[in-house]
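Chain IDs A, B, C, D, E and F follow the sequence of writing; residue 1 opens each chain.
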Amino acid sequence: MTALIARQARAAADAGVTIMAGGASAPVPPSIEGHHDAAMAVPPMLDALRRAEAAGADAHVIACFDDPGIAAAREVVQGPVIGIAQAAMQIASLLASRFSIVTTLPRSVPIIEDLALHYGMCHALQAVRAVDLPVLSLDADPDHARALLRNEIIHARDHDRAEAVILGCAGMSDMCQTLSDETGIAVIDGVHAAVRLAGALAGGGYKTAKTGAYGWPRDKSDDQHHVSPLRKPAQ
Amino acid sequence: MTALIARQARAAADAGVTIMAGGASAPVPPSIEGHHDAAMAVPPMLDALRRAEAAGADAHVIACFDDPGIAAAREVVQGPVIGIAQAAMQIASLLASRFSIVTTLPRSVPIIEDLALHYGMCHALQAVRAVDLPVLSLDADPDHARALLRNEIIHARDHDRAEAVILGCAGMSDMCQTLSDETGIAVIDGVHAAVRLAGALAGGGYKTAKTGAYGWPRDKSDDQHHVSPLRKPAQ
Amino acid sequence: MTALIARQARAAADAGVTIMAGGASAPVPPSIEGHHDAAMAVPPMLDALRRAEAAGADAHVIACFDDPGIAAAREVVQGPVIGIAQAAMQIASLLASRFSIVTTLPRSVPIIEDLALHYGMCHALQAVRAVDLPVLSLDADPDHARALLRNEIIHARDHDRAEAVILGCAGMSDMCQTLSDETGIAVIDGVHAAVRLAGALAGGGYKTAKTGAYGWPRDKSDDQHHVSPLRKPAQ
Amino acid sequence: MTALIARQARAAADAGVTIMAGGASAPVPPSIEGHHDAAMAVPPMLDALRRAEAAGADAHVIACFDDPGIAAAREVVQGPVIGIAQAAMQIASLLASRFSIVTTLPRSVPIIEDLALHYGMCHALQAVRAVDLPVLSLDADPDHARALLRNEIIHARDHDRAEAVILGCAGMSDMCQTLSDETGIAVIDGVHAAVRLAGALAGGGYKTAKTGAYGWPRDKSDDQHHVSPLRKPAQ
Amino acid sequence: MTALIARQARAAADAGVTIMAGGASAPVPPSIEGHHDAAMAVPPMLDALRRAEAAGADAHVIACFDDPGIAAAREVVQGPVIGIAQAAMQIASLLASRFSIVTTLPRSVPIIEDLALHYGMCHALQAVRAVDLPVLSLDADPDHARALLRNEIIHARDHDRAEAVILGCAGMSDMCQTLSDETGIAVIDGVHAAVRLAGALAGGGYKTAKTGAYGWPRDKSDDQHHVSPLRKPAQ
Amino acid sequence: MTALIARQARAAADAGVTIMAGGASAPVPPSIEGHHDAAMAVPPMLDALRRAEAAGADAHVIACFDDPGIAAAREVVQGPVIGIAQAAMQIASLLASRFSIVTTLPRSVPIIEDLALHYGMCHALQAVRAVDLPVLSLDADPDHARALLRNEIIHARDHDRAEAVILGCAGMSDMCQTLSDETGIAVIDGVHAAVRLAGALAGGGYKTAKTGAYGWPRDKSDDQHHVSPLRKPAQ
């Protein structure tokens, strides 16, 4: 799946952009299905992000639709950090007044709804739908997966009045165009969306704000002589 | 002011991107300060957008912080339409957990708050502040304007706990870097933000969804034999 | 349709109230179906409102369920400006704890939902339903239109638990009583509601507040010597 | 205070409207300051409303700014029931984009904020302010009361950016015009607002919806043979 | 029904806790079905609460799912006052990310939805469902009632994606375990939940805050010499 | 600090309850100040929770005011998992209509505000205030810390109209009673609140719902033959 995502990311990027696709050096769950899996993946991911920035990365994409550890990620690097759920919802909201999301397992539905609440997208988001397939089954039987996805997209189009549908899993990236062709409505892939935004932000010189919630993690060794970084920003 | 905005837009765009800056051919208010001014500017703007798309524009930026006529604009063209308020708030929300906006006149404050409600940004937006200067005074005495802006940005930083501040008027674009340097926090300009997003979306092949709220304006000549475009999308 | 609306408005008004029904002198779309149509209709409407106030109108009703240009209208006149959507939702919320709205085209559904968000009615509003008929077809085949409306009202009553249903188009005004009789629940027409509120406000001496968002449009000729009208209200 | 309110109500009503002002026949608290006082006043009020409707009242105004028992009142009568808080907020929202409320005791502030949440007015309501005077002191030293109110209205105008201010107690009704003259902004009295709306609704033939939440109180004597009134409305 | 509730409450309480179950000494409606019934029950309930606290009660449970008079109750006693709706929703939100509620009559649905809005539970609450049975019918034909409840719980589980279901009436308390066994999901009874929370709060020494909205009802006899209790708390 | 928290927890628990206080066996940050620290602490915490349940724990308290990893924790154990922020806000909302929170560092303010949004507490929560001290300084100079806290509590009482104040850090637990005595308003400690709720839930036989978002982490080895646990709950 990492290879698939890397391929999609490279296809999405402008010429001249280098995609470093990869994951953690420490062991992580083979797929992220629920909060536990996400929590276990975050510390190795934070380490990978730091190494990527040291190796010259100007922006970072977290290619899991739960946007796991996104706030922590924004603390440990300076380049913009883009989650594929937030990116897809932002781009959808620029192209359509209402959209739905189709994901894999039912247990991911409340996770994605909670992200939408946090991102202020509850008014535009019509529904989160699940095809009830594990993430790794997307690879194992892609035709079956695509048939299930198409069915839910049609329901989103006809019953939710969605004007665009977001694919709620990085592993669905390569089905995006076909599903749009088959259903007649815009289908948005989070990996593509996030790579486009990451390029836009990096190319525009944007950096994560370091004066507040996303400041560098604190060094605890000097807490007796604390000067608050928020109230007295360096000139 | 149009020349200033065009210069800022060109500075923001990637190499290879052509910026066609311009406005309406019909008379419009010299500045937009309130709902009436915006309403009068929209019909000529819609005409200009259509002409721009016919001339080859792949995406469109509306360079007024009220995002006037943005939904109507999305109906009359196919390329993505980006408002500078929505763009600035989206990028701010990717870089900071909380932000404030500084605008010109007090009467623009509720207009911008209403946009934030519509865009789902009320939780992240700490305050909308006004320096109480008309838009055209930004040009007339830029040093005075910048001093007032700096003061409000410092209040946003210290009292609102804003981690980034958005400049809430296209006419402030060229003060962005100086104000950030002077105050020590991220300052975001809507024109820059919108040009970056417009490039990202156009380059990624995104189009406005035409199956719902942003469908082409209806031709009324055939209403007796109506077939709804929403329920029966073309294969 | 203008004649129909005028007739309904006169039937709704108290004895002694004069209804001046009319529209723009400049060309406008024959019906308003979407944001573009509304945007094109607003500048001539603003002109018509100014002329009506000069001719002695004490209050103003905008008889299109999108409440187009309502904030701009409140800037250009002093008498209260009542939109038929806002009026109908306010009166519905005084009579019922939950209500639904039935409109013409599916593309109007998100427009009306956005109005409800802006007016704070999302909690009381159960659903916006569309019969999928163009506005002008209401005139062309009223029996067919009424059958479709009745069907949606019954769905609103039984599936949405609506206790009242609002007709979401000025062109449906004359079917209101029949539809209520046929379905056994309260059916509210926006034209009637707005005329009642306009009379109540004008008769009570209420005026639009001119010290903030709805202040008179600014005269730009004097911007070098600006005194903010908001901070220093005239005695 | 009842006499004062009756006088204000009569001044607000159209010619030809009869105001029956009165209260409960059973003992009630002399003023309503908090939830307990309101709870004790409601049962006698419901009885008074039933008697008023039997005596021919076409609509009902509850003249306490907590809108006590308003949902219960809508169950026991058929004529529209208007609370002065809901009426004042509705009319304010038609005249101004933002407003504040000034009330008597600090303990009423969260009560009024909760009403605003319930009525969907949180976005338009800037602040609820208290002069920290008991209700009955408004009568005892009206000059002192008016000076305190004026001060809070000025704060609402200058610090809250309120474009209108609502007087949050029926006992302030007669100071409305003076306070508006002294402060230069619109000041809205709930009694006046509610009487205007009650006249508009009664004159327009509106009735409380009886098919849902505001249905007549249930007669419990026949519960073994229950037929739900909601699901099977009478033809 | 009072005996049933008392039995359930005693089963829920820790050893050593004394349950004083009872109601009003004055006449009250035999069941609470709507706002009128609740309003009539509150004054005698407030009196019963005062007597219970005088008799040594450390905390209070209001065993009706409308949480009638809960704010007034918090004014008249010092021990924590727990409503069964608020308790059940709080406990459900600690055990499940999404839940639904099943109640008796359709007219209670908007009442419970309004409570959820007030308690901040709208995001977690999926739906309020009604079996369309009067409260007293729960006693009269419990098998029929349980079959209807089971059916709605299954709908909540399968269609609402509820992970827990709350029984929205005190009279359903004794069916809780059976319904959970039959449907395979968590079923939460408000009486049980409230008794557990009441024990936790009383045992932890918590008291209702008396410095604000829940301060003791005001004695009106001394209003000329008023000192606000909120601004100057006793040392 | 762990010893302090354990002492407070034991003081809060009923007789007969055993408190197993402890942390991770793997290295974790010495204090949690921001998202990174929380993310690093969660995997060892999940391991500790599993071991605690295997050792017989009936319920679990996460004693950090960011409620880190709470959803993941609910996946890996069956006993109720209580976060001190959610517990304190729930208990505060039962005792007071409005409350504020006082925490350590400014960077924790948006984290706590986000929790309040997620828990539906935004309406009741007046403000989150920070004393601008690192967590470990609470231990180092407790008198200084308490003076700063007292000052913010007084501001919360007088400026926010808070009726109760929550201490937003587990390390402040032992100052709770003193601060309440010094300021005259209710001060609530999250550790105490969470231990009371954990006891109430465990004693009442409540378990985390395992049929949805908090289901056991998925075993990925069998994904080809997937049966959804949500749709077909075990009998």
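The rule is short, and it goes like this: contacts are C-beta pairs under 8 Å (C-beta built on N, C-alpha and C of every residue); 3 or more make two chains touch, one makes a residue touch a chain.
Small disclaimer: the values here were computed from a predicted structure and weren't measured.
Student: If you tally contacting C-beta pairs, which pair wins, D-F or E-F?
Tutor: Here the pair linked by more C-beta pairs in contact is E-F.
Student: Roughly how far is chain A from chain F, centre to centre by C-alpha average, rounded to an integer in Å?
Tutor: Computed value for the inter-centroid distance: 28 Å.
Student: With centres defined as the mean C-alpha position, give me the chain A-chain E separation in Å.
Tutor: Result: the chain centres lie 41 Å from each other.
Student: Two-or-more-chain contact residues of chain F, please, as numbers and ranges.
Tutor: In chain F, 71, 74, 97-98, 106, 110, 114, 117-118, 123, 161, 212-213, 230-231 touch at least two other chains.
Student: Assign the assembly's chain-to-chain touch graph to one of these shapes: line, ring, star, complete, other.
Tutor: other
Student: Pairwise, which chains touch?
Tutor: A-B, A-C, A-E, A-F, B-C, B-D, B-F, C-D, C-E, D-E, D-F, E-F
Student: Under the touch definition given earlier, write down the residues of chain F that touch chain D in their complex.
Tutor: 97-98, 123, 161
Student: Okay, in this complex, where on chain C does chain D touch?
Tutor: Checking each residue of chain C against chain D gives 12, 14, 71, 74, 80-82, 86, 90-91, 93-98, 118-124, 157-158, 161-164, 183-186, 192-193, 196-197, 199-201, 203-204, 206-209, 211-214, 230-231, 233-235.
Student: What residues of chain E sit close enough to touch chain C in their complex?
Tutor: Counting only chain E, the residues touching chain C are 106, 109-110, 113-114, 117.
Student: Which chain E residues qualify as touching chain D in the complex?
Tutor: Spelled out, the residues of chain E in touch with chain D are 29-31, 33-40, 42-43, 46, 69, 71-72, 74-76, 105-107, 110-111, 114, 117-118, 132-137, 140, 212-213, 215, 217-218, 220, 223-224, 226, 228, 230-231.
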